[in-house]
Amino acid sequence: MKIGFIGLGHMGSAIARNLLEGGHELIAWNRSPEPVKALAQAGARAAEAPVDVFAAAEVVFSMLADDAVVESVVLNSGALDAAKPGAIHVNVATISVALADRLERLHRDRGLSYVAAPVLGRPDVAAAGNLIVLAAGETVAVDRVRPLLALFARRIFPMGEQSSRANVVKLACNFALAAMLETLGEAGALAATNGVAPETLFEVMTETVFPAYKTYAPLITERRFRPASFALPLGFKDVRLALQAAEAKHAAMPIASVLHDQFLAAIAHGDSELDWSALSMVAFRAAGLAA
Amino acid sequence: MKIGFIGLGHMGSAIARNLLEGGHELIAWNRSPEPVKALAQAGARAAEAPVDVFAAAEVVFSMLADDAVVESVVLNSGALDAAKPGAIHVNVATISVALADRLERLHRDRGLSYVAAPVLGRPDVAAAGNLIVLAAGETVAVDRVRPLLALFARRIFPMGEQSSRANVVKLACNFALAAMLETLGEAGALAATNGVAPETLFEVMTETVFPAYKTYAPLITERRFRPASFALPLGFKDVRLALQAAEAKHAAMPIASVLHDQFLAAIAHGDSELDWSALSMVAFRAAGLAA
Amino acid sequence: MKIGFIGLGHMGSAIARNLLEGGHELIAWNRSPEPVKALAQAGARAAEAPVDVFAAAEVVFSMLADDAVVESVVLNSGALDAAKPGAIHVNVATISVALADRLERLHRDRGLSYVAAPVLGRPDVAAAGNLIVLAAGETVAVDRVRPLLALFARRIFPMGEQSSRANVVKLACNFALAAMLETLGEAGALAATNGVAPETLFEVMTETVFPAYKTYAPLITERRFRPASFALPLGFKDVRLALQAAEAKHAAMPIASVLHDQFLAAIAHGDSELDWSALSMVAFRAAGLAA
Amino acid sequence: MKIGFIGLGHMGSAIARNLLEGGHELIAWNRSPEPVKALAQAGARAAEAPVDVFAAAEVVFSMLADDAVVESVVLNSGALDAAKPGAIHVNVATISVALADRLERLHRDRGLSYVAAPVLGRPDVAAAGNLIVLAAGETVAVDRVRPLLALFARRIFPMGEQSSRANVVKLACNFALAAMLETLGEAGALAATNGVAPETLFEVMTETVFPAYKTYAPLITERRFRPASFALPLGFKDVRLALQAAEAKHAAMPIASVLHDQFLAAIAHGDSELDWSALSMVAFRAAGLAA
């Protein structure tokens, strides 16, 4: 298939290379020329401008840095107006929910298809073809590009017809990863200031927090908070003890402080008899979601 | 061996039962009598008071609710003064670092051994004998009780000679679990308010955040932040987009707000070229730990 | 003078009325017609469109809801291109720093003057002509509109030539007011849950926190933190006691939790000998400002 | 009157001096001897131990550093048992609510009176006799010591019969002051990173935030949130703009982040039509107080 690719950073280049190696014809563009040259040596054709990529390809992938770059390179370049009728644009980058909704509309208005396919994984994972892809868009379009996605993904999660849904899930995942990084930072500082090497702590944590997402997620989605196998006030107690131990060594734990306040809100709400996984309901209620 | 057990809540009862089933003689006490009766039917002997347990056993396990209960049941009951010379007290409960240090001293003063052995796992895991145990105390004492711990643990992590180290690690783990629960709550509310069922999100998350602890922990302990496979400002961008998507639906994300501020501190510190795992260093630096 | 006015909400109407009563000719526009009619009865002329206001007046005031409305009403309406040479646009609304910078440039490009004059005060204060005005822009333009500003202001603070400076100060003031509201909320909840009526507390607070801004601001700007008349760890102690008293009644105090963490950062930084006003330096340092 | 004084730090010494100058006989004790000597030169008598002070005086003032020092100096020293029948202990220091309740009980048990009289003001204010005193305790005892309090206070607020009420109010005031310091820090960093000297900002702020406590406190206590003279979403807008302007310069504003989340909770609760002073109700509701 004739495939276009716009945006050849670390991730973009790795994905484009997988498409090439899958036996497809590739026409590529990047703001700076070096990555295009590198890809050309592997058999790709270099385009002069984004508009040329859209004019030539049946399926155009884009991996651009942020909303502003998408606006300038895809929307304000006239590229969409040059696209072939029925072409599919697969956006593998993470963009805002608002821009995703707008892109979907602008493509539809021109008889084009827009597929949001943000990926999870780091460049080495991309190079190995082992990314996770969250794919959302019209079913027929997603089905058509699925074999292409499979060239760089070890798993494809279908996210429905509304393309922005894939972005919501991607953002939620990266939020959770960043929360994990900060959690590791705070827990590591708690340990280090109390005489325990972070390595020692992290070795234990990977055994415990690790499978915990799988244990707790269904309790939360099914609101299965009774019987409490670990009652909410006991969890509060431990967070308070962690804060105290950190405080004694002058280590601040801002996420633990947030937890402290959310536990109090849960207790004030009358949830002391519930399992501590009911802590998640504080955020749900604050967002106006019935618990 | 003649073993004592004090504190028969859900966890305590499950552990005590494993000790009994391991073929040991057990003398047990609990504030309310029912759990003792239940255990007596399985062959345990009921004690009148904590002091009787300490007077009779070579190794005494305790699983008491919090610092205040430990003070009243173990310290102010005269129990320690009644203990056999050379007896070992194994505290499997989570208590404060300060009390752990004090207990270690009070036992040593009386020629007794104190082993901190807080456990990770819920009551059903305890019943199945699959807990994780963090064991700290004098090597000789830990070695002596290890076969007993093995009766209810699938893995025992040695945490060194200072008993409070085990408590620090336990508290850090429970902090991380509570952070995960709140993260699931905020991420779930972000998804639900943007039209994605939390189940759908959580299915993806268990595939991604899940193994991430194993990926990121060594980057942090080895300060391996270059080259950046996902640069810190990109992570910041995604947290901002998550906050925006949530804000558009009036969903507050207090942990994401903390992340927002920590990312800014990292960028102001000049870390924009580093991998986003360097976010963890903000907490380290704030605690006075050299980055 | 021939004055234009765009945007007649509560604040806009009150200000426009003061200008009319000052003896000036007024041509006004508003998205919905009612407020224009009300003003017309007091002698103003109704304009058909924003472009007509800019075409007719020497000085145009605008009080529009937010950045998006300014973009649509002032920038995308062709109004600026219709303005008289040398006309001055006085924006009394609160807009973003980025848009203020852009407006300044767009006016300059067309030979027009842009004055940022955001106001402090509620509608009744505006009606009484007692607002505080923060005025920034080219000196000659600010001087020319000063008599007009004086018609609705009890005090005009000159903020320099760069117009966005006035917006920065306005935003900082409203941030401080919102922080005060939340502080009153948390302090009130602390009091109420501990048996003290918020009225009683607030009566005391208006006697104490009140003049405190005047006492502490110079200590901070001059970094006068020695000798400590109230040492930083003492302030920390009191915030911890407040958190404890609230916690005992299940009242969360998220701002107090932030204070807790900032105090710890100050102490870890080695500031325990300083006056507690040095707490402010934690935010300064985090922003990369040398303390 | 024969007055005792225990604890001669900066504040204690300044208050004791005012009592001496009021013509009273003073017997004083301090852990380190220097401040006692200084006071002795002004006519006071030095005591050997706390117990001697309580044995000699009709009214004993204490100004001790924290709960632990009060426990050791007043409770564990036998001082209370040596006190004259009917003696009054006036505690001018800030202690925890829990300890205040306990002290009240322990004094009553011995036929003594306990008056909590925490003070507001810095040492120079104390020296000038201009402190604010929050006095709580049995009416008859408070009445008896009022002339003594008047020797160092410009105003005495009666706080009722339960002594811990005075501590609650004192803690709430110091919390509000610390919140103000952090607010000044964040606002100053916002200004400085955006090219405005903090002095310039603070000059404006003392004109605006200053009297604001008096404006807003009654709106909150009377729940007078309609009509909205500044609607809650407008306040949210300004906090968001402040966060954006700070973010653009990499300045973190953790209190502003808390405000962001509380505004969202208010909006999700359906309060968009209310005055922004209704922001305070988020904390009230979270504490289980009906709005």
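When the chains are written out, they are named A, B, C and D in that same order, and each has its own residue count from 1.
Please note the rule applied: contacts are C-beta pairs under 8 Å (C-beta built on N, C-alpha and C of every residue); 3 or more make two chains touch, one makes a residue touch a chain.
Computed from a predicted model, the values in this text were never measured in an experiment.
The greatest centre-to-centre distance from chain C, using averaged C-alpha positions, is reached by B.
With centres set at the average Cα position, the gap from chain A to chain B is 29 Å. Averaging C-alpha coordinates per chain places the centre of chain B 37 Å away from that of chain D.
Distance between chain A and chain D, defined via averaged C-alpha coordinates, is recorded as 47 Å. Residue positions of chain A touching 2 or more other chains: 246, 250-254, 258, 261-262, 264-265, 268, 286-288. Taken together, the touching pairs cover every possible pairing of the chains.
In the complex of the two chains, the chain B residues touching chain D come out as 246-247, 250-254, 257-258, 260-262, 264-265, 267-268.
Note for the complex: chain A touches chain B at residues 10, 66, 94-98, 120, 122-124, 132, 134, 155, 157, 159, 162, 164-165, 167-214, 216-218, 220-221, 229-230, 235, 237-239, 241-242, 244-246, 248-256, 258-259, 261-263, 276-277, 279-284, 286-289. Within the complex formed with chain C, the chain B residues making contact are 254, 261, 264-265, 268-269, 286-288.
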